[in-house]
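I've put the structures underneath this note.
Below, chain A partners chain B and then partners chain C, in two separate complexes.
Let's turn to the complex of A and B:
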C-alpha cells in the first residue's frame, strides 16, 4: 500500500518540473505582451543639404512623439506594441527622397511622416502610394499634395492656398486698421514648388485688398547675394515686401534689406522658412517688426507650453517643424490605436475617419476631406521686442500688430 | 525698364561681390598652379573657416575683422598640416589620388560640421559693419565695402609675397618645373604644403570678410565653389592675375545678369562664360599653353 501510495504520489522532481512548467505557462502571455511586434514608422526628412536644420527639427519632433507613445505603454489595442522609428534622409533631393521610400517599404514601415519640401513631398507620397503606405505630411505646403486623389496622403496642417487666403485676410485687416497705408507690394520668393506656388497665389490675391503687386522676384537656392534685389526694391518703392523663402535665403534677404536700410511699411512672409525664435534672438534689429503668417501652436494650450519647455530644455528651439512632425506622428498613433492593426488598409481607413483632438494646434478635432484636415489654421506672427507674438487671429492674439514699422534713422 | 543709375549701381554691387570671389578663386588657382590639382575640399574648408569666425565672435567676442590674422594663420596651419600629413602622404605622387583625397575630405568635413554644429543657419551681428555707403547711385553695405578693399589689399600683399620673397620664388619655380626645382635643392614637398596652406589661408580671409554680411551652415561653402571654378577657368588655371580679373568679371556678370534677366535666370551668364571660355580659349584669359 504504502509502496503503491508512493508510486502514485508525485516525486519531488516531478513537483519541481510541473511547478516550473505551470509558472512558465502563466507568465507566457505577459512575456508575449511585452514583446508585441513593434510598429515601424518612417521619419523622412532632409537632415543633410541646404534645409538640414528644418529636417533635423522635424526628425526631433517625430522622435519625441514616438518616445512619448512608447513611454505611455505603446499602442494598447495592439498589445502595447511600441513604435520604432525608421529614419530617412531626403538630402533635399527628389530622387533621394523616392529612394528612401523604397527602402522604408523594404523595412516594412506601417506609415511614413515627412518630408518638409513640397516638391519632395509630391514625389515621395506618390512613391508611397504604390505600396499603399499611409503618409502623414508634417510640413509641405503645396495644394497639389492633397489634390491628386491619393488615398494614402493625410495632412494635418493647412496647405498654402488656405494659408495665403488667411494671410491676405490678416494683412488686409492689419492694413485697414492702419488706415490702408499699404498700397503696393513686391513679392520675393524661392524658385521651387513652395515659393512659386505661394507667390502666384499672393500675386493673385493682393489686388483684392487694394495692394498693387509691382514686381515678383524669383531666386534660386542657394542665393549668395541679395544686393541687386535690395536695389530693385529700393527703386520700386513698394509699401510692403511679401516673402516666401527657405531659411538661409529668408535670413540673408532680411539682413541685406536691413543693412541697406530699405524703408518699408512692413515685411510680411507667408510660411517664412527663417521666421523663428533663433532669428529673433540672433538678429534682433533685423527681425524686429517682421511679420509672418505661419503654423503656430495654440499658445494657451498647457500641452503646447509643456512641450515648448521640454524642447527648449534640450537646447533646441520650439520651431514649427518640431511640433508639426510631433503632431503628425501622434495622429498616426491615434489611428493605430483605433485600427488595432498596422495593416496599411486598416490604418488608412482609420486615418481617413480620424476625429483626433488630443493635439495642441489651434485646429479642433480632425476631419479629413481628400486627405486634407479641414480645421487647420495658421496665425499671423510678429517679432516684437525680440520675442514672437501672435497678432492675428484675434482669439489667439498675444499682442497688437505694429504696422507700419518705424522708419530707419 | 532699367535706368543708367540702376545699371551703375548693379555694376558696383558686382564689383563688391567679385572681391570675395577673387579671394576664394586665388586660393584655388594657387593650389592648381603649384600642385596641378583641383582642390575639391575648397568649399568645405571655406565653411570651416566661416565657423571659426562665427565661434571666435560668439564665444570669445573677437570682431571678424580683428580675427582676420588669427583665422588666416589658423587656416594656413590647417592647410599645411592637411597637405603634409594627409594629402601628400597618401597621394603617393599621383594626381588622381589627390583628387579623391580632397573629395573624401570634403565629404567628411561637411558631415562632421553637420554632426557638431547642426544644419542651423548661423549669423553674427557686427553693428559697425552694418549701414550703407553711398557710391553714386549705389547703396553698398559697409561690410561689402570693407570686404572689397580688404580683398584687394590682401591680393596685393599675396602678389608681392609670391613675387619677391624667397618662398614665393620657390613656389614659382616649383609651379614651372618641379623636377628642376628639386635638382637645385628646393624642398618641393614643403613648397607644396606651403602653397596648399596659402590657398586655404585665402579662404580664411574670405571667411572673415564674408561673415558680417553672410551666414554659415554646413553647406554654405559650396555656394562659392562653382563660382570659384568658373573664375579660375576664365582667368586661366593657375594664373594669379587671371583669378583677380576673373572674379570681378564673374561678379559683374552675375549682378547685371540678375538685373536684366531676373535673379534666377541671371545665373545663366556665369554658365555661359564657362562654356564660351572652354570653347574659344580653353587656357583662359591669362593661362599658359602648358
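Let's turn to the complex of A and C:
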C-alpha cells in the first residue's frame, strides 16, 4: 500500500520537469508576442473548373514566393513578419470568386494575388476595392482591368493591348526578314473578354503590316472538337494562323490542324494559354515551330534559371502562370518591406510608388500608372527542337526564328 | 393550417430573415446568405413553370440573361436609372417568356421536346449576345462602379441580402397564390394530364404561355440583380448553361411544385457548397463531395427534401388520427 502511494507521489525530478514545462508553456505566449504577427496574402485562383491546370500553376508560383520570403527572414521592416497564404478557389465562376474575396477580407488579408480569367479579375478586384485591399493581378489580360480608376489594382505584366501591338511588331519583323511571304491570316479566338478583345485588336492591326485578315473565327470554352474549324482554315488557305485561346482549346486546335496536315507558313498566338513547356514536351511534333507572343522570363537572368530548376525539380513545369504569380507575390513583399506595415492604405501607396527591380522578368524597374506597370513587356517565343526559345526582341533572344515553318511531307 | 395562420408564420419568418444579418458574424456570411436567397428566388422562377405547370425547362437562363443584358444596356448605353431598367428587364423577360411559350406550345412541344427547345433558345441567345455589337460580343459590358442606392449598387452586402430577401418573399407569394388560385389549379391539371385538362375546358395554350411569361419575368429580374451585384455581364455569364442547371437543381433537390422546395434546395446546396469549398487543401475534393451528396439526394429522395417533411407530417397526422 505504502509502496503504491510512494509510486504515485511525484518525485523531485518530476516536479522540476513538470514545473519547467509549465513555466515554458506559460512563457510561450510572451515569446510568441515578441514575434511579429504574420501577414496574410490571399492567393485566389481557379484551381477547379476548366482552367484548373493554370490555376494550380498560379497557386504554386505564389506559394513558392511566400516560402522564399519566409525562408529569407520574412518582412524585415516588420520585425521579420512571415507571410501566410490564404488560399481561395474561384472555380472559374464570378460569384464564387467574389465570395472568396469576402472570405479573405474576413480572414484579414493584407493583399490578394489573382486570379487568371479577365472576367473574374474584373469582379474580384471590384469586390476587393470595397475594402481597400491591394490586389496584384498575376494573370488577367484585359485592358479594362487597369482602366477603371480602381486605386487598389496593380498589374506587373502588360495587358493585351500592349501585347498585341508588340506581337504585331514582332510578326512584322519576322515576316519582313523572311521576305514578306505572309500576306494573309485567319484569327481563331476563344469567345470571352480575353480572346475577343485580343482578336479585335489583331484584326485592326494586321493590315498595318500588309497581312490581310481573311476571317475571324470564335469558339466557346470549352470546345471539344475543332475538326470543322480546321477544315474552314484549310479552305481559306491563309499564310498564317493567329490564335488566342486558353490551355485546352489551344492544344486541341493545334493538334487538330497537325492531324489534318493543314499547311501554314506559321502559327502565331498572342497570349496563347497552351503555349508552354507542357505543350512542347507532351506534343513535340505538334508544337514544333509554333510561335507565341507571351509573358516570359528574361532567359539570361540567373534568378530565372534557378527558379526554373527549382520548379522542374518539384516535378512540374515552369509555365508563365508560375512565374507571374511568383513575381506578383514578390512585388507585394517588396511593398510590405517599404511600407513597414500591413495597413492597406500604406501598402497601396507603397505599391503605387514601387520601383522594384529584383524580379526576373524583362521589365526593368516597376513604374505604375493607374495600376499598370509601364515597363511590362512580353516576348516572341518559338518551339524549336522540343524546347521554347525567345526569338524576339533581339536583346533577349536565345535563337533565331524559323519562318516559314517546313511543310508537311 | 388556415390562411391567417400561414400569413402569421410567413410574416414572422420574414421578420426573422430580415434581422438575420444583425446576428451573422461577418460580411462573408451575409454574402453567402444573400446568394442562397437569390438562388432560391431563381429556383422559384423555374419552379413556377417546371414545378407547378410541369413544363420542364433546360434553358431558363435565357430569361436570366435577357434581364441582365436589358438593364445593363439600358443603363450603360442609354443612361437609364437601373431601378427603372430593372422593371424594363422584368418586362423583357416576360415578353421573351410569352414569345418562347407561344412558339413552342403552338407547335405542340411537350416534355423533353419542350425542355430541349428551351435549351436551344438559350444557346441562340448566347450566340447572338456573342455576336451582336450592342452587347459588345465576348468583350462583355462593364457597369461603372458607383456604389449608391440610386444606382442600385451598395458597398455593404447587407443591402443585396435584403433585396434578395424581398425578391424571394415576392416569389414565395406568387408560388403560394398558384397553390391556392384557380389559375394554379389549372396549371396543376395541365401538369398531371394535359389532354384531360383540355377536355375539362382549360385553355392549355393560354395557361402555359402566361405561366412561362411570369416565370420569365421573375428570372429576368434575377438577371438584373446579378448584373448589379457583380457589375459585369458577358455572354457566358448571362446565358451559360450552368445557371439553368442551378435553377433546375435547387427546385428538384428541394421539391419541385412546392412553395418552399426551391428555398430548401438552395439552402442545402448553398450550405453543402460552402462547407465542401472550405476543404481548400484538396484540389477538386469539394466538387467530388458536392457531387456525391447530390447523387445521394436524387437517388434516395425523388420527391426532394421537402417530400421528407411532407411524409413525416403525414405520418404524424396519421398517428394523431
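The rule is simple: the second predicted complex is superposed on the first by the 376 of 409 C-alpha atoms of A that agree within 3 Å, B and C clash if a C-alpha of one lies under 4 Å from a C-alpha of the other, contacts with A are read in each partner's own complex, and residues count from 1 in each chain.
The rule is simple: a contact is a pair of C-beta atoms (placed from the backbone, for glycine too) under 8 Å apart; a residue touches a chain by one contact, two chains touch by 3 or more.
Just so we're clear, the structure is a prediction, and the values are computed from it rather than from any experiment.
Undergrad: After the alignment on chain A, I want to confirm one thing: do chain B and chain C clash, or do they fit together?
TA: Result for chain B and chain C: clash.
Undergrad: With both complexes superposed on chain A, which partner does A:42 reach: first (chain B), second (chain C), both or neither?
TA: After superposition on chain A, A:42 lies in contact with neither partner.
Undergrad: Touch test for A:159: chain B only (first), chain C only (second), both, or neither?
TA: A:159 contacts neither chain B nor chain C.
Undergrad: With both complexes overlaid on chain A, does A:130 touch chain B (first), chain C (second), both or neither?
TA: Only chain C is touched by A:130; chain B is not.
Undergrad: Quick one: is A:87 in contact with chain B, with chain C, with both, or with neither? Answer first, second, both or neither.
TA: In the superposition, A:87 contacts chain C only.
Undergrad: Who does A:371 touch here: chain B (first), chain C (second), both, or neither?
TA: In the superposition, A:371 touches no partner, neither chain B nor chain C.
Undergrad: Taking the superposition on A as described, I'd like to know which of chain B and chain C A:266 touches: first, second, both or neither.
TA: In the superposition, A:266 contacts neither chain B nor chain C.
Undergrad: State whether A:52 touches chain B only (first), chain C only (second), both chains, or neither.
TA: Both partners, chain B and chain C.
Undergrad: Answer with first, second, both or neither: which of chain B and chain C does A:256 touch in the superposed model?
TA: Only chain B is touched by A:256; chain C is not.
Undergrad: On the A-aligned overlay, A:62 touches which partner chain: chain B = first, chain C = second, or both, or neither?
TA: A:62 contacts neither chain B nor chain C.
Undergrad: For chain B, sort through 19-27, 73-81, 91-99 or 145-153 and name the stretch that clashes with chain C after the overlay.
TA: Residues of chain B that run into chain C: 91-99.
Undergrad: Enumerate the residues of chain A that count as touching chain B in its complex and touching chain C in the other.
TA: Comparing the two interfaces on chain A, one with chain B and one with chain C, the shared residues are 47-48, 52, 56, 191, 218, 220.
Undergrad: Taking the touch rule as given, give the residues of chain C at its contact with chain A in the complex, in rising order.
TA: 26-28, 31-32, 35, 130, 137-140, 142, 144-145, 147, 155, 157, 226, 229-232, 234-237, 242, 277, 280-281, 283-284, 286-287
Undergrad: Can you list the chain A residues touching chain C in their complex?
TA: The touching residues are 47-48, 52, 56, 87-89, 91, 93-96, 98-99, 102-103, 105-106, 119, 122-123, 126, 129-130, 144, 148, 150, 190-193, 195-197, 200, 218, 220-221.
Undergrad: Using the touch definition from the top, list the residues of chain A that touch chain B in their complex.
TA: 47-56, 191, 217-220, 222-225, 227-232, 234-235, 247-248, 251-252, 255-256, 258-261, 274, 278, 282-286
Undergrad: Sort out for me which residues of chain B touch chain A in the complex.
TA: Residue list for chain B touching chain A: 6, 9-10, 13, 16-17, 110-111, 114, 118-123, 125, 130-132, 138-144, 213-215, 217-220, 223-224, 227, 254-255, 258-259, 262-264, 267.
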